[in-house]
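Could you have a look at this structure, given as structure tokens, before my questions?
A, B, C and D label the chains in the order they appear, each numbered from 1.
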């Protein structure tokens, strides 16, 4: 069985972020097939194109781009702010996509999970992330969709992982499907390349 | 070399539709790998859930669903109306998706091409089709994106196919990538199923 | 007090449509300020640009366009199909927008309400309607947003109107805000024109 | 004639930003009716909800929120990054929207202009900004739409303002319409409040 390295990008900087707990829970479920690590984005200064290729470029940009470039797949786990993707997450996507022609997102298989305490589960955020992934040439898992509503402190145990219950069942299905998706994309590429 | 059957869904009923010509041009370019046929959608009455599973259901619904169910992949080629997907195309998507649990779109690899005489090339239409394909569990080719602007009568020859020039180069790249994408998805599924 | 005529466009043809009941409930709440009537869209054949200005144009197109042109404001009430606006509703929008330059939607103040039995309340449908309204030059009420989830048969009484409870409170707020919005847009235009 | 104060938010930090020049050109055209100033967003650290109401909250947050709260209207002028709103702009929107219940965007009339060197003119960015403005209860000018394509250094003179030509005509129409829109919203509110 192939084990894939996965970069998790969490769209909230809040220390007790629900989305961070969702991300960790997904990883725990598929730890045999997915080797996940959260790549922090809170230290990435706001992207400015004038930085590209200059000494003014923040050192954290290189650190972030190298970490993303090294993995086999990407898992975005994010809340919704103001009916859209959080600025903090979009900034990380923008940093990784530049300089022009050197995007580290290119061809990485991905999945997108959004969670919120409200009913709508981050639908607006979810589809904005998808829209960027089209441009970035990332094959994103279509199904199952993951608009996780009513997620709050009660959803998780003291270990920070999802408790048994309906949310855990959903996360289990998501984690399984994502491991399958990453495998499918990599296997298929290898197969075609070998011909 | 495997040859895949492809259903083309054209989002315009206009007889001299540019999008129909774009679709035919794409098929001509990859005729060795893709066996394309346009499935007509102009005779599908507006979807009404009350029809589901009743004798009132239009006969054209069954005809359309069977034609879509039979193919290996889907190519949407559409204009934009009022910054969105044309109603005629969305109606066809809705018809194919029902009754609930019997969607004929499920798991079909797809590509989305939009063309218009204006500059924007149907961006709004393109991403609305993508949004439905997520729900419908269709792996959609992310790249190259296809927002084809400035498409008009001069783009095509007397045979209705794209003339030599920049648009033909773009369509050639799209057709090649789509044939690769359909192949990748089917190969990978076969490989994984065989294990 | 000015009473405004409102065309209600319901995005579902189902006879027992929840959205139709929501629309009727909104009208009942503000019947002193809003004179609402549902304009039917189920008899509009799929839009085909070849019809424009020809004898082939369906008679129902003229009937629909005249009915919309005559009113002071528009209330869209719709479900979501496949994460987007139903084809039947988009087709009506397309019919009303043509022939090019003769759109009957132009400058009409509007509100957009989406309702569904699920949790998400038609978020995807709601924002696709908004995207078309931008192009159609319709000032759409921004607030309160109306993604009405968990709407089902139990939400309504035998008279087809919303029962007392949380949904009725939400609909009351929406109806009040919409009457204010239509009034604001018309008053302001009159005031500016009079100067 | 009433003169309105307008906060301009530019979605690019690039020093020679085209969007900054577009913004300044719009202001120059309507300087008699609009008193514009660019509010800088480059010094706003990435939003973190843990800051809300604590001494850790960056001082620039208060400076930004006060500047936005003081004006009569908002003009967003932005490029598109990765088919969406730039992270730097979304971060500013997020900062202004919090703490929960204290959004400084509430009820501000707004317009959204997107410009890019490419053909599509920032369509994806434009509609993502609109989607947030719905939640933020901002009445956004629907028309004319402003997806400004093919904007580059040649579009502007040595003074940084748009040269005579088609782009200037478009910007003139936009500036006039925005001044009308801000006036319409404020007049109407005053009128209704006075009754």
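The rule is simple: a residue touches a chain if its C-beta (ideal position, glycine included) is under 8 Å from a C-beta of that chain, and two chains touch if they have at least 3 such contacts.
Small disclaimer: the values here were computed from a predicted structure and weren't measured.
Chemist: Count the C-beta pairs in contact for C-D and for A-C, then report the pair with the higher count.
Modeler: When the contacts at C-D and A-C are counted, C-D has more.
Chemist: If you fit subunit A onto subunit B using the CA atoms, what's the rotation angle, as a multiple of 5 degrees?
Modeler: 180
Chemist: Can you give the whole-Å distance between the Cα centres of subunit C and subunit D?
Modeler: 29
Chemist: Measuring centre to centre with CA averages, how many angstrom lie between subunit A and subunit C?
Modeler: So the centre of subunit A lies 37 Å away from the centre of subunit C.
Chemist: Where in subunit B do residues touch two or more of the other chains?
Modeler: 124, 127, 131, 134-136 - these are the residues of subunit B that touch more than one other chain.
Chemist: How are the chains arranged in terms of who touches whom: line, ring, star, complete or other?
Modeler: It is complete, because no pair of chains fails to touch.
Chemist: Of all residues in subunit D, which touch subunit B in the complex?
Modeler: 119-121, 123-124, 127, 147, 149
Chemist: Any idea which subunit C residues touch subunit D in the complex?
Modeler: Interface residues on subunit C, with respect to subunit D: 127, 130-131, 133-140, 142-143, 145, 180, 183-185, 187-189, 191-192.
Chemist: Show me the residue ranges of subunit D that touch subunit A in the complex, using the header's touch definition.
Modeler: The contact residues of subunit D facing subunit A are 12-15, 41-42, 44, 46-50, 81-95, 97, 124, 128, 131-132, 134-136.
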